[in-house]
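Quick heads-up: structures coming right below.
You will see chain A twice below: alongside chain B first, and alongside chain C after that.
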Partner chain A sequence: MKSGSNRIEAVVTDVVTVNDLVKRFHFQRVDGGLLPTFSGGAHTVVEMRDGDRTRLNPYSLMSSPLDTHDYTISVRRDDVGRGGSLFMHNQVKPGHRMIISNPVNLFSLDLRARKHLMIAGGIGITPFLAQTSQLAGRGGNFELHYSVRNEALASYADVLKQRHGKRVNIYRDDHEERLDLPTLLAGQPLGTHLYVCGPSGMIDWVRKTAADAGWPVENVHYEHFAAPQPGKPFEVTLAVSGIGIHVGENESLLEAIETAGLNPPYLCRGGVCGQCETNVISHDGKFLHNDHWLSDEDKAAGCKIMPCVSRFEGKSLVLER
Partner chain B sequence: MGINFKQETFRDDYTFRNSPEQIRRFPFPFHEDGYMYSVNIEPHVPTRKNSVFEHLFDVDEHYVSEMRDRAIVLAEDPLRCQSLPHMTLAGWDTLELLMTEKAASYPDLFTLTRDGDKWHWINRPLGIDDHFTFGDTATLPYSPLEYITRQSQGDFAVCDQRENNLWMDAGMVTTQADWSLDFDIGMNFFEWHAPVPLAHEMGVFTRALKFLTSIQQGQPARRLNWTMTINPRLDTSPENFHKWGTDRATVTPENVGQKVHLRVEVQMFFRLPRSNAILFPIRCYLISMDELTTSPKWARRFHRVLRDLPNELAEYKGLVRYRPTVVEWLSKRDDGAPTSPGFGPD
Partner chain C sequence: MTIKSRPVYGTLTPQAGTSHLLIADAEGAAAILDLAKKAPAGFFASAEIMYFPGSEDRHHVDALKALAPQKFYEGPSFAAALPRLRQILEEAHMGLRLYVAGTEVLISQVELAANAVGVDHRAIQAEHRGSLARRVQCVHCKGITENVTTQPYTCSHCGLLLLVRDHYSRRIGAFQGVCINAEDPTEIPEKEEIFR
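Let's look at the complex of A and B:
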């Protein structure tokens, strides 16, 4: 059964500039109906048709799961990325029709938690906007700690403070405000679940600090939101299909496979869910593994690749696709 | 359309029978003349008219009587419906899915009117007309899961998803093939499948779990499973084994046609939107050997499947004692002719 084939025809109803780096996009169904209900932490995959190429990027849904008249996402502009965020920022205006996917949740709340402790960094705030709305509506116990570069880039800090008051704590880098994580973790009641979304370094720091403090791994949840990175172009042979493809500088291997007419399964397009895992038949060169899915042994063996985020440099690469 | 709901029993005098139309739409589970485990999962999409897959949730002529049998089981044993505290939201998800699908598939039988969180539900076959507030358990006579599954054929396991595993944390289970919700509640996917022979070695469960945990909203899946039951008894539970276990010793060449039933489960998998849980409906269909063998193709094929079934599977399915008698009876209805591909009765 193919994943990702459940597409929703949507129209952009509003584009709001949040600050210098972030824009917010509102989507409604073209037919005017309600969008599917979702759970906090879910993302949607937005299909961007940019000339003759199509990018598919996942974005966390940040609107309230209790109101599905529209979906909203926030896109942080990445000037050195593959161009997806720039396309959204520069090309997408109200009235623009786009295909979005049904919601998929790879970062869901553990509903057994006695308390939800959330740590966000930068644009990693977006899934927590939906999760806090969901929890607040049901009288859930949560606390949010949000680190930002400065006041001007503190996306939605004001909204969150207004909605949830003292349950929201903001830390501004330029004011030397720092989250004292060891002390915070030490003061949590039993049964607390910890959630972190932000830059890789922050996720690693939170996971390590929690592990050092004796937190069970089952209680620590994290979501990497790394987009595929651009890189040198390379050639690939798809052995099952019997075709050769070219992966351009600003294109992911998965996108190039899709452009060739294949439809490998996917969910996250960010190297965490494992759906697009692909066997390597032979290679002469070096893998640039950017995923969080394959084990170190798999990466060392060179037998598998995650085409959504990983790349290759070298003479030849033959995949089982 | 209009379904002629039968008044019948699944215990004591066992008046359950399938009409000829119901026999034709029976979900016969064998597409070839043999059987072995496979992860035989396919998209659960409405398909052929006049089949049990015409709608996402099939309502058939046994609906009213099956719901009466469920009520009897629950009155004797309330633990057949359980929900751990964190699963209430999944219960509301289940209620929404079943009500919206039933109302859309059978508008003459069910009506749902929604005004924000003020809902009005009419179930004509069961004579129910209730107003309630979606999300407020106090406005329903039962928990949301129990309320709606007292009105829906088949068992329902509700699995929480966490730690890359599924956990049997809620359910309504009264028509089961010898397993117990009260025993399995809180277990994960590997724990509750531990008794199944052969499949672990084949890696079936690891692959199945990977598939199930990535089921997406709006893209449900289904598979068929089967066993056999002596007398058309829905509640073949471990709790009541003393009431039905000995039936297995009562099969004789004379009563095979009436007493021995093929029991097919249509197992479905839905991602629930608010809770991110997986709903696992297990719908049981029963058919007697007399009814099954009205199709010459099914008679031939079921004879060959049962005759050649590996012993471990016969043991696990509880068929060992009466298998020879049934195979002998079926052999007289198998002329050795080839069977056509596919599930249909010809």
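Let's look at the complex of A and C:
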């Protein structure tokens, strides 16, 4: 089965303004049936048809995995991004028909854990909404630590407090509330698994602090979708297909390859899963690697590129596609 | 041809951590002594060693004690010490690192105990030393036989003659034994001692 081809015809049943930056979208199947089963931490790829261009962006499912009559996602508005979040905020209304992908989980709970310790920053809260619902439903042991800019932008803090009480701890930047991570990590029972989702600086800080405190990498899970960044347009030759393509300023290389009529495999479209990894046949110029997948050696060698998030600047680029 | 589930073991290497639990049987003591050469100063001040000498002579016990670990425990067998190990694991905090060296039987049992409290086997430093004897589960009666050294072997539960495969279950902590003469039970291949 080809990945990425499992598309679901969905209709937007509700759009809710959560705060100044975040809107929540509810999806149901057009045919009224149940959506596929998923586990906490899964995402769906939403296809946005905006005039003659199509964007496909991954969003974590935040609704309870115990209820698949609808899927909900939350979208944080990014005024300087490629326009996907602005399209969702400004164009998508209840009744809008959209194609979404089957759920894929690259940030799943390790259910062997004796305890689940979750660290969220900002919109990184969304996968934890689903994970905490999943764990609470089966009596799981978890604790959530959620950092927000201020009360007004603390998306779902109230819902989480109401659902899970003392298991949820909120830290407000504007009140100088700070998570004391080294102390928190030192007090966890053996067999605790740590999950972090938020800005990349936060993920790096948590991973480093955990490694220094003697946490094995097997117990530390993180998810950071790199949104494709806009950049200078560039030309690419697809050697296998024998065609040349143009990658526009606000378009990802993967999207340009798809526009040319090819269907390369993908799952996350955020530089995490590795599905769209593409071999470089030759290049004269500089890679802008934005993924979390390729090793530093591969990036330095210039032998591979992740077309979902990475770009190129230079004279020529020939890919094995 | 190697079966993918056949475990591959490494060499004990000191890990960043707040405390360390090192478990060894027989020849496994030598792996701890080798690790000591690479360990940072103060490593053993926060370390506990659990050692099962078996029939080994006493010099390993003395050498391990000379490392001056915070605690040293010597026991007659892993099975006898399992409640003690479980208690240590249940009371421990993250930051404790696990090391196991010696027979595959010991490694498998430590991995199982650690797994029960949510520690992945990949988070455990494991080094194989000494006997190649295997813990094998009969796929027919599910009975487990410890310290299997011959190929084939006779199931100590149901009596079938079993081929020991490289197929390994981490959930059970044992290799798989499959009847070697199911078509013709009168055909009895000679046993060879190959897992010594």
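Everything below uses one rule, namely that the second predicted complex is superposed on the first by the 320 of 321 C-alpha atoms of A that agree within 3 Å, B and C clash if a C-alpha of one lies under 4 Å from a C-alpha of the other, contacts with A are read in each partner's own complex, and residues count from 1 in each chain.
As a convention for this text, contacts are C-beta pairs under 8 Å (C-beta built on N, C-alpha and C of every residue); 3 or more make two chains touch, one makes a residue touch a chain.
Keep in mind it's a predicted model, so treat the numbers as computed, not measured.
Clashing of chain B with chain C is the outcome of superposition onto chain A. Counting residues of chain A touched by each partner, chain B versus chain C, the larger count belongs to B.
In the superposed model, A:307 lies in contact with neither chain B nor chain C.
In the superposition on chain A, contact of A:112 is made with both chain B and chain C. Using the contact criterion defined above for the overlaid structures, shared-chain residue A:219 touches chain C, although it does not reach chain B.
Of the two partner chains placed by superposition, only chain C is touched by A:211; chain B is not.
In the superposed model, A:38 makes contact with chain B only, not with chain C.
Once the two complexes are overlaid on the shared chain, A:191 sits against chain C while remaining clear of chain B.
Stretch 238-246 is the one of chain B that runs into chain C, the other listed stretches 4-12, 94-102, 238-246 or 274-282 having no clashing C-alpha atoms. Applying the stated touch rule to the two superposed structures, the overlap between the chain B and chain C interfaces on chain A comprises residues 110, 112, 218.
Looking at the complex, you find that chain B touches chain A at residues 41-43, 84-87, 89, 96, 160-163, 210, 214, 216-219, 221, 273-276. Chain C meets chain A in the complex at residues 15-18, 89-90, 92-97, 115, 117-120, 122-123. On the chain A side of its complex with chain B, the touching residues are 1, 3-6, 36-39, 41-42, 65, 102-105, 108-112, 134, 138, 218, 265, 267, 273-275. Note for the complex: chain A touches chain C at residues 110, 112-115, 185-193, 211-219.
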